[in-house]
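Sharing a structure with you now.
When the chains are written out, they are named A, B, C, D, E and F in that same order, and each has its own residue count from 1.
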Amino acid sequence: MAEEYKYDYFNISFPAKYVAHVEINRPEKMNAFVEQMWLNLSAIFRRLSHDPTVRAIILTGAGDRAFTAGLDVKAAAEGSITRTSEDPARTANALRRHIYEFQSCISDVEKCEKPVIAILHGISYGLALDLSLSADIRLSTSTTQFSIKEVDIGLAADIGTLSRLPKAVGSLSWVKDVTLSARIFGSEEALRVGLVSGVYKDKKEAVAEGLKLASLIASKSPVATMGTKELVNYSRDHGVEEGLRYTAAWNAAMVQTQDVKDAMLSGLQKRKPTFSKL
Amino acid sequence: MAEEYKYDYFNISFPAKYVAHVEINRPEKMNAFVEQMWLNLSAIFRRLSHDPTVRAIILTGAGDRAFTAGLDVKAAAEGSITRTSEDPARTANALRRHIYEFQSCISDVEKCEKPVIAILHGISYGLALDLSLSADIRLSTSTTQFSIKEVDIGLAADIGTLSRLPKAVGSLSWVKDVTLSARIFGSEEALRVGLVSGVYKDKKEAVAEGLKLASLIASKSPVATMGTKELVNYSRDHGVEEGLRYTAAWNAAMVQTQDVKDAMLSGLQKRKPTFSKL
Amino acid sequence: MAEEYKYDYFNISFPAKYVAHVEINRPEKMNAFVEQMWLNLSAIFRRLSHDPTVRAIILTGAGDRAFTAGLDVKAAAEGSITRTSEDPARTANALRRHIYEFQSCISDVEKCEKPVIAILHGISYGLALDLSLSADIRLSTSTTQFSIKEVDIGLAADIGTLSRLPKAVGSLSWVKDVTLSARIFGSEEALRVGLVSGVYKDKKEAVAEGLKLASLIASKSPVATMGTKELVNYSRDHGVEEGLRYTAAWNAAMVQTQDVKDAMLSGLQKRKPTFSKL
Amino acid sequence: MAEEYKYDYFNISFPAKYVAHVEINRPEKMNAFVEQMWLNLSAIFRRLSHDPTVRAIILTGAGDRAFTAGLDVKAAAEGSITRTSEDPARTANALRRHIYEFQSCISDVEKCEKPVIAILHGISYGLALDLSLSADIRLSTSTTQFSIKEVDIGLAADIGTLSRLPKAVGSLSWVKDVTLSARIFGSEEALRVGLVSGVYKDKKEAVAEGLKLASLIASKSPVATMGTKELVNYSRDHGVEEGLRYTAAWNAAMVQTQDVKDAMLSGLQKRKPTFSKL
Amino acid sequence: MAEEYKYDYFNISFPAKYVAHVEINRPEKMNAFVEQMWLNLSAIFRRLSHDPTVRAIILTGAGDRAFTAGLDVKAAAEGSITRTSEDPARTANALRRHIYEFQSCISDVEKCEKPVIAILHGISYGLALDLSLSADIRLSTSTTQFSIKEVDIGLAADIGTLSRLPKAVGSLSWVKDVTLSARIFGSEEALRVGLVSGVYKDKKEAVAEGLKLASLIASKSPVATMGTKELVNYSRDHGVEEGLRYTAAWNAAMVQTQDVKDAMLSGLQKRKPTFSKL
Amino acid sequence: MAEEYKYDYFNISFPAKYVAHVEINRPEKMNAFVEQMWLNLSAIFRRLSHDPTVRAIILTGAGDRAFTAGLDVKAAAEGSITRTSEDPARTANALRRHIYEFQSCISDVEKCEKPVIAILHGISYGLALDLSLSADIRLSTSTTQFSIKEVDIGLAADIGTLSRLPKAVGSLSWVKDVTLSARIFGSEEALRVGLVSGVYKDKKEAVAEGLKLASLIASKSPVATMGTKELVNYSRDHGVEEGLRYTAAWNAAMVQTQDVKDAMLSGLQKRKPTFSKL
């Protein structure tokens, strides 16, 4: 199956039952992103979303140095981000189309029906945040260096960090601090404010723990985990009354699954249930 | 007065002036919920909401072992959650009605005009979260065992946890972690992410502290505390501009209360004000 | 330039390049606010918002004892908050106008295009929270005493605290605790729940650190920092999809700035860029 | 079955298969509403909502003179609307509870799962609009006299007219005209602005046509008509993207109904399908 | 009193009890707007909003030829709309500030607590729509020529027309037609789609009828008419549930007015009530 | 250029400068839709959206009999709409994916940056409405037969009609009438409620008028018409304050276009401007 998932800048493997591993693979450039990469990323996650053999995903960066150093600034400097026409409105429209497409690729991680665990190690700058904030769970290591780097290249971050971060952590003062200063911060701080929910010694241990968590999630009813992801994301963006109403419409179908009966029975019988593919 | 509040599965008492104590009372089943219980719960809180002798409420579970173990799965397995007709749409409609009613009963704790302090001890699974997230303040003990258990019975939680939790705590990564894995976590973790705002040695101490806090709140102007609950809940679900507008409409009436004058004067005179019933 | 910023109750200075310092200056009354003060505050921040020589602002209270003790209750008791007509509806309308104007003055700190760092020391009660929650970053000292005092004068806080606090920190249980009890809490707790993002030994050190942070922010592209403030505030109040759409419209213009090229080039050349005025 | 629906102020009958007829029955007072009536109304529509033998409902007023003249002002003058305590805040709270309950009763017509056709004849003042705007379809007669009467008793209408009317018709200028002036208008105008979708000669003809329309709707799949009502009401209150998302969640269950196959087959075979009860 | 309302480009008079008449007064330029005019307009309506002697307002244009021909394009061409700096982002920021201020001035008509009736005669282009859509009621004459002219000067209308028109009329297809084509249309069409709610023979008759309507509104309880304007505007922008909740909070204060008792009593006694000033 | 736009079921031509004509081309089946067709439709409109030689689009159906008879029910009956698995939740998920994709294809007409004029003639059932409601302007002929047909196949319409219709026309009573009854209605009624904004004698005349309107729109600044479409659609889905804020961010870039200067100058010089490509 892994053969079907061939992409220049990504390694896809299936290290455990129902678990996919997506590895950003441009370690010689600290996994910095060029345009082809976010197009690939989108294609990969749209496919994993509907792949019946996948129930949980871990997302990592190849190499020791970086999850990703963010946008490949040199490539960007030659590319669309600095392209102009003579007319500022026409330039604006070209840029808006570009931003939309870029945002949409990154959002495909969030739209993926299966839970995604991002494991941030080493340099985790700029796009590292946009990307991992589209994932469901963030883990890091004792030496991860985070930075919301965009203001240092004259930009307000526009690929998702500024939209998702205020809803992902528990301190708006801290959000403003790190987005306005672009300062580097570590895992202890990331854990304290809630950006990550687990910190491990090093990359090896973090990946192992991430895989363990992915395997645990993959052992649950895929109807239940898909619904949980969908409903938490929905509720993040809506008031409680809205969340309850959408939840009722969603579960009116989903509660009919055979999985509920199987899971309940297994629970009472203290054995492990199996669930059919989704 | 306590005589008027007679329910099979709940003990209602009035341990301090203007303070009500609602105890879930099915300790032999670890306070697991059957349908009658959430119907009772709704009736109790709708009544307390308008009871002029009540200004703050504590909510606890009877016995040493559990705040509540959640839904009584055996009862549910025989009941509506697994009921089906031959037509999936008609089944869906029956389920939706059932979910709405269940959600509505639990939301009556949130809609109660008086602040509610939930004290979670021992086993606090599944519905324990739905229920306590509808309360205003959550306290726990050093041995509380929390779990958002629903995925283990094949379900995305639909009685409020997924809608309220992302707005109640400060780490979306952690929310996804515990809702997707159904793992058990303790009070230290609950305090770190903000799920509870106080942790005490054991149930006895936690209830005593909860009662102390309830008494403190009950000593304030009931106009002020009712408004504070209403406006915080409103603001949780709306943008800041919306919050300010609703606040102004609300306080245009409420600021006219005699309580403001009494409280100000008492403050200047360093004495304790009394407020008339609400 | 400082001469142009003359106000009775505020000192305005410019301690570093592109950095303004606004000091609440009524130390003999612990910087308690009378109506003239919030009108001044509004005028000051509306002006700083468009002042091309300003890129970051720190906000402090004069004297050793207090950032601000909040509303001057004596003045308020004689003023509008207790004014009544014979008709409760007409009184309500007068009060609503008053609340709107007061809210609007405090919101001008949030609407200021330049990032604002509030440094809370000593007594920080009531309005101290409304005001600093309109700022972007909150810092405090080891001895700061915070209290959301309003319920103690018979009021639900209506100048912004109840609307902004649930979105500024990571524990709704804690929000209800401190807003309903009006209890005093310190910096350790404020840091834990995310209300402040830095705590320093004393006022002197906190102001020095605040100034350092302001200078750092002021050294960045003003197009980037203005956009970052705007987009984080927008995203706080909207769902993620909404945030991304607004971000794209915003950055379609802003990414065209010369600052991006200058910042990128400086980055590659390891030198410090300069940016033209905004 | 009709025996089970016995209420003092309402006649309930079942004039056609799957069609219920609710008649407001206080003709000697032009069907003016006292509190008992809106409590009854709520009970009736909550029951019809889940009654499997009902698929469409018509709502009319008894007698020749009025659908309803609105609130019984004399009764109201002696009742809650003018009740006061000495404290304006406590009075406000009592009034708010009262308004909520009244609104909720009227909204039960909107929440009823089955489509409701209101037929307005003769005097149709005040509450006539609140009530019929909670229905799905409004029909009238050549002599209906409409008036949004509330400003004439010193009130902004608060039982639903001001919330629903701007979304029910196609002229905000007209909405302001009739709500601010309280002037009487007729069916020609009501049809032009879209308040009603059909005008008939007299009550008899209008009721006959309403019954015909109800029968037509009742002949369709109840899964389809329930969903249509729900989704149109949802979309009225949400943006298009939100509407599409909720629609997909809703129909994911509902499209599985046997009714789709039966209806398609009947369509191809040119015969009339029958659908099982909902 | 009229002496206090002196503005270069506007005539303010008080033609009837509690009624103000605001006349745009630059007939030699077909009442085309220069910047000073929208600043004046804002000042006038903010003042009328709180003027206790005013309960309804009519807004007209001086002269026979035009309500207003819109923006004074020559003045604009020399002014801010075409101002640029070398940096497109800095230009964008200057433009955004300008648009905000302009929008805000026009919105002050909507924010005015008292109902505003706009009477459009003759040429009514561009800003004529932005302005009159901020009013509550629109009347016109048999010869009014409307045009949403902005695309003809290379612009999407940004002072309110595109935001308010889709909610003011009953045909989105028509909204797109007239905003995209900039074609001129007349009163018959305006009445059909609901843009205006009354069409009269000529300016004289329309002003007379507008004055009559303003007088009628001014004879009602000002508490009731202010609330009606506020609640309709609120509901235009919110879902029904939101509208009902805000309405209840609003009316909890407002229903306490003496006006309700006076109006009810007057109604029963068939005499005209008088209401105290607001 | 037309050669590049080759699709089995659609004819694409360019009948006038900057104007594209998209014709649904399956007349032998009354242009009924099979899955390939909505996939094609999406591809076509995504391409036209960015095609610099296109500024306005007309959308028609081939043949005399129908714009489109809607979904090809026979094909659907064999396809996904009736597909099931044994598990209702898994079936629901497959259906939801299918609905999302179908909705998304139709929404691409709305997302197309260029204005789209749909011309409905003859049979215009079901999908005819979903599709044309995604267009900007709807025109029809004296013999068009409209029907929102979905309830007749046991379905609540889920491809856009129920989400867009309540915001497109001016009578919610009429929306419920036609969506619940599935009755056929004609152009007179469609014009009265605002569904269409122009009715012409026959298809030939309607297409000619549509083309004339498209040519007029195509003669305007493409920056202005794109912005107008975007801002009207945005405002349809948001409150007025939100609309104004987004508009200001949008126009901050767009007003900088050379088109404004060219259009203003041309206007003053009474000549026709030309605009560069977008």
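We take it that contacts are C-beta pairs under 8 Å (C-beta built on N, C-alpha and C of every residue); 3 or more make two chains touch, one makes a residue touch a chain.
None of these values were measured; they are calculated from a predicted model.
The chains in contact with chain E and with chain F alike are A, B, C, D. Copies chain B and chain C of the same sequence differ by a rotation of 120 degrees once their CA atoms are superposed, given in steps of 5.
Between the Cα centres of chain B and chain E there is a gap of 47 Å. Mean C-alpha positions place chain D and chain F at a centre distance of 32 Å. Multi-chain contact residues of chain C (touching two or more other chains) are listed as 88, 91-93, 167, 169-171, 193-194, 223, 226, 236, 241, 249-250, 252-257, 259. If you sketch which chains touch which, every chain touches every other chain without exception. Those residues of chain A that touch chain E in the shared complex are 88, 91-92, 241.
Residues 246, 249-250, 252-253, 256 of chain E are the ones that touch chain B when the two sit in their complex. If you check the complex, the residues on chain F that touch chain E are 115, 136-138, 167-171, 193-198, 213, 216-217, 220-221, 223-232, 235-236, 239-241, 243-244, 247-257, 259-265, 267-268, 273, 275. Touching chain D in their complex are the following residues of chain B: 50, 86-90, 92-93, 97, 113, 223, 226, 253-259, 276, 278. Chain A meets chain C in the complex at residues 73-74, 76-77, 81-82, 84, 88, 91-93, 95-96, 99-100, 103, 107, 110, 150-158, 160, 162-167, 169-177, 179-183, 193-194, 236-238.
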